[in-house]
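Two complexes, one shared chain (chain A), two partners (chain B, chain C).
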Partner chain A sequence: MGFFIHVTVSCGLMAMLSLGLMLIVRSGVYSVASAGFYLVGAYCTALGTLKLGLSPGFALVLGAVLGAILGIFCIAPAYRVREDRLLILTLGFAESLRLVCANSRSVTNGAMGLSGIPHFSLLGVNIKPGTIAFAGFVWLIVGIICLLLIRLVKSPWGLRIDAARDDRVAATSLGIQVARPLYIVHAAGASLAAVAGSLYAHHMAFVSPAPFTVVLSVFALCALLLGGRGSVKGVILGAILIGAGLPLLQLVGTPEYSASAIRQIVFGVALAVLTIWLPGGIGGIWRGAKSDRWE
Partner chain B sequence: MIGGSSRIVSNLVQVRVSRICKHFGGVVALDNASFELFAPGIFGFVGENGSGKTTLFDIVCGLVRPDSGSVLVNKHDITTWSATRRGKFGLGFGRSFQHPRLFASMTALENVLVGYPFSKGTSWDEAILGRVKYGEQLSSARDVARQQLDLLGLGDNERSYPAEMSFGQRKRLEIARVLLEQPRFVWLDEPFSGVEQGLVTRLAELLTHFSESASSGVCIIDHRMEVVRDISTRLFQLHNGKIVELAQS
Partner chain C sequence: MEVFLKSLPAQIANGIIVGAIYGLIGLSMLLISNVMKLVDLLRGDLAITGAYLCFWLSALCGFPFAVSITLAVPLTGVLGLVVERSVYRPLARRSHYAPLVAALGLSIAIQGALQLLFGPEMIGFEQTPPLLPKVAEWGLIRLSRLDVILVLSFVLLTSLLHYFLTRTRLGLGLLAVADDEEASYSCGIARNKVYSFSFFVASSIAGIVGILYGLQYGLEPGAGFGLTIRAFIIASLAGSRGVLGAAIAGLALGVVESVCTGLLGANYRDSYTFLVLLVLLWIWPEGLFGRIQKRYARI
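Moving on to the complex of A and B:
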């Protein structure tokens, strides 16, 4: 039962990361900074609850706000660099955050990490990690995010995001603001990653810089592309495949180090195959479209 | 039809371009170009390739900054205004491009819809939290956009993506998007290129009708001299960055 809950929570957290990334990618920027914002949320919760005595709910909100601010800071040079270089810039940004945490031993305890993070509680209700209630809470948040995302992308505001992504000059000539929506989606995407990080810290009751490498960001990107960047349902499915992949490989008796390597190979090959034959990802199948049109 | 929002533009619009100069490296694109236009009317701009026509439109619409000179709308100096500000704050400028700039991920209907004032006015929180019943507004906006597509002969293409359309259809789609907002001044860069002869006449009639019904100024760059001359109330020629008025009817 504990294993099932762990897998369910892992999938939910991956779904949050991927949905946040979906929003960012929709604006036309491919980012690998998700792990950095995930780290921000996790460390905000760890430091806030352990060292500052904040309530878990307040620490989560603080992490989300800080994630949003850093998200804007990360994307600020978007108009000054080309897209491929922007990808490198986001990579550097996330790695910088991880290295700051790894080397600020007096505050974060460095690579040894912080343990003993209290249980999550909201409005006085204690939601103990490792329980169905915690997994349910994580997926409730995923559900709310999905509803908001679907509403947003189908709205005229979403149409403006698409317009700014497709052709900045044409969008500008129509009087559409190009920069502000970009900042808003990045703030929202980073904020979602930070919320996921905060819940991760409660789930594990321990944080260290080790899990927040670029590999995590790449997995979030994989989930997005596997599921189909234009489909919310597809992204959820992609996140479940990625989130459940490693624990399931371990379940069938594969040693942890091999399971991790096998997962990377399997998803790498799957990504290559899908990109060639099904650019719309898995989500493209039920939309009846093989192309990667946005939903 | 929907009237464009208006802040500094109320009724009649005067556009005054004064002593505009623009160089690209050592190449002179515009050399002391000056003219004054009053809407309504159709204004033709002709000249050989590289004479500075597109650069002139880009400067008026705020996509390119001039080296010197000024652009005034109803005596307000808008030279330093960004293109977004010119579009957003009710200047009532609409622009089409030499090579149609359409939104590749959107259908023809969505491409038109995105230029609709309501689409531009909804904020992200309204979109998420539903403070605006945008469903109903979107439905009526779709109807208006469909009418606009029908008017341009694109009624059967509303679900088509730009990549699935011919060059001429894309040109018309871009014009449909520009005209939907009923701008006070429309700047059309080669609107007739790639459009078959039968439709050129229809498009010319449509632009004339639009100019009269919306009291708008329609500025046209085109190489089809006979068409431009037939529909223009004033005709300008550009040569080596200099502008001269050829005719006034």
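Moving on to the complex of A and C:
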């Protein structure tokens, strides 16, 4: 039962990460900084509750706000830099955040990590990690995000984002502001990742810099592309496949490192194969669209 | 501060040695990014794979060291060729992102495979050729034979590549494709052959870099990532300025990193590199020596 809840929660967290990424990718920028914002949320919760004595709900909101600010900072050079260079910039940004946490030993306890993070509570209700209530809470947030995203895609605001992505010059000539939606979308995506990180910290009750490497961002990207970057249903399905696949693959390998190595091989190759042969993802199959056009 | 100033010459010498490695991997990246117009995120991983191949041949299969180097370098080249044919060629025309995303996946897959085959901990080459004894010492600067070999092979490879690109027919064809693909195609240059060839040469260079890196610092599966980032920085610094630009950029990056490490400590070493990258992309989005290509209207 404990394992089942663990899998459910990690699917939910992966869904949050990849939905945030979906928002960012919709604006035309591929980012591999998700792990960085995930780390920001996790450390905000850990440090806020342990060192500053904040309430868990407040620490979560604080993490989301900080994630949003860092997200804007990360994407600020977007219009000056070519797309492929921007991807490497986001990669470097996330990795720098991790290095800062790994090396400021006096604050974050370095690679040893912080343990004993208190239970999550909201408005006085204590939601204990490892129970069905916690898993339900995580999926409740995922559900709300999904509803908002589905609304967003059809809204005028969503159409504006699409227009700015497809042809920046034409969009500007029609009087659509191009830069501001990009920043807002990126801030929202980053703060979603931070919320997921915060819940992760409560779920594990322990935070160390080790899991927040590029590999995690690649898993999130893999979930997004597996499901198809344009469809919310597809992304949720992709996140469930990856979120359940990771803990299940851990059961396969006996020594710890071979399990993580097998994961990297399986999902790394899957990502490459997906981009080459199935750019529309699973969502693309049931729409009957094989190309990587947007919905 | 006084200690730092005293050790400054040694830091700079160290930086030049590191910079030789960076310069070579940067050259390898530059060849690809100028010819195929894409960033190859597998550069560092290919280099490390080449080094592991050499390690496997020499330490585990019992070949003499010289033989395993001569086998491992072209094999890395062939590996690069396979990647080009299977991943980059079908994806290069689709979008800017597709090849990057696929390469990112393959990169972590390669790291996982190396981890599975050779274990996650750092391994060193057995020093069969006596490389480590120091040959020169001035104050705090100590040079081993390996350091000298490293800098010499940097100079040699750079000048060879420069000669090849500017004086031979094949090299000129490569430059022509880098400069204007359509025009070179209409002049009868076989584009795909040039792609394959540049990938083979660049990956062979990467193999040499990996072996040198492994001899100097030891090998671990994740080491390729740092090399890729540095190769990217150097290639974008050099822009279209070519081989000499990349060589200078590599040395400069090595010295900056080494001096910063001396000044501020080794913990944030990779962060300095990213900081250089961030500043670079803010100030010169198209590279230090690059041509300004107007892709977007400025908004």
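To be clear about the criterion, the second predicted complex is superposed on the first by the 283 of 295 C-alpha atoms of A that agree within 3 Å, B and C clash if a C-alpha of one lies under 4 Å from a C-alpha of the other, contacts with A are read in each partner's own complex, and residues count from 1 in each chain.
Just so it is clear, a residue touches a chain if its C-beta (ideal position, glycine included) is under 8 Å from a C-beta of that chain, and two chains touch if they have at least 3 such contacts.
Just so you know, these numbers come straight off a predicted model, no measurement behind them.
A.B. asks: Tell me the contact category for A:Pro181 with respect to chain B and chain C: first, second, both or neither.
C.D. replies: A:Pro181: touches chain B, not chain C.
A.B. asks: Once chain A of both complexes is superposed, is A:Ser115 in touch with chain B (first), chain C (second), both, or neither?
C.D. replies: After superposition on chain A, A:Ser115 lies in contact with neither partner.
A.B. asks: Scan A:Leu148 for contacts with chain B and chain C and give back first, second, both or neither.
C.D. replies: In the superposed model, A:Leu148 contacts chain B only, not chain C.
A.B. asks: Kindly classify A:Val169 by the partners it touches after superposition: chain B alone (first), chain C alone (second), both, or neither?
C.D. replies: In the superposition, A:Val169 contacts both chain B and chain C.
A.B. asks: Using the touch definition from the top, say if A:Gly158 reaches chain B (first), chain C (second), both or neither.
C.D. replies: first
A.B. asks: Quick check on the superposed pair: does A:Tyr30 touch chain B, chain C, both, or neither? Answer first, second, both or neither.
C.D. replies: A:Tyr30 sits against chain C, while chain B stays out of touch.
A.B. asks: Where does A:Arg263 make contact in the superposed view: on chain B (first), on chain C (second), on both, or on neither?
C.D. replies: The answer is second: A:Arg263 touches chain C but not chain B.
A.B. asks: Return the chain, chain B or chain C, that is in touch with more residues of chain A.
C.D. replies: For chain A, the partner with the higher number of touched residues is C.
A.B. asks: Both chain B and chain C touch chain A; at which residues?
C.D. replies: After superposing on chain A, chain A residues 169, 172, 178 contact both chain B and chain C.
A.B. asks: Quick check on the complex: what are the chain A residues that touch chain C?
C.D. replies: Listed in rising order, the residues of chain A that touch chain C are 30, 32, 77, 79-85, 87-89, 91-93, 95-96, 99-100, 103, 168-169, 172, 178-179, 214-215, 218, 221-222, 225, 257-258, 260-265, 267-272, 275-276, 279, 292.
A.B. asks: Which of the residues in chain A come into contact with chain B in the complex?
C.D. replies: Chain A residues touching chain B: 148, 151-152, 155-160, 162-163, 165-167, 169-178, 181, 184, 293-294.
A.B. asks: Please give the residue numbers of chain B that touch chain A in the complex, ascending.
C.D. replies: So the residues of chain B touching chain A come out as 61, 63, 82-84, 86-89, 93-95, 97, 101-106, 110, 113-116, 118-124, 126-128, 130, 134, 138, 161, 177, 181.
A.B. asks: Show me the residue ranges of chain C that touch chain A in the complex, using the header's touch definition.
C.D. replies: 38-39, 41, 86-87, 90-91, 94-98, 100-113, 115-116, 119-120, 225, 229, 232, 236, 267-268, 270-271, 273-275, 277-278, 281-282, 285-286, 295-299
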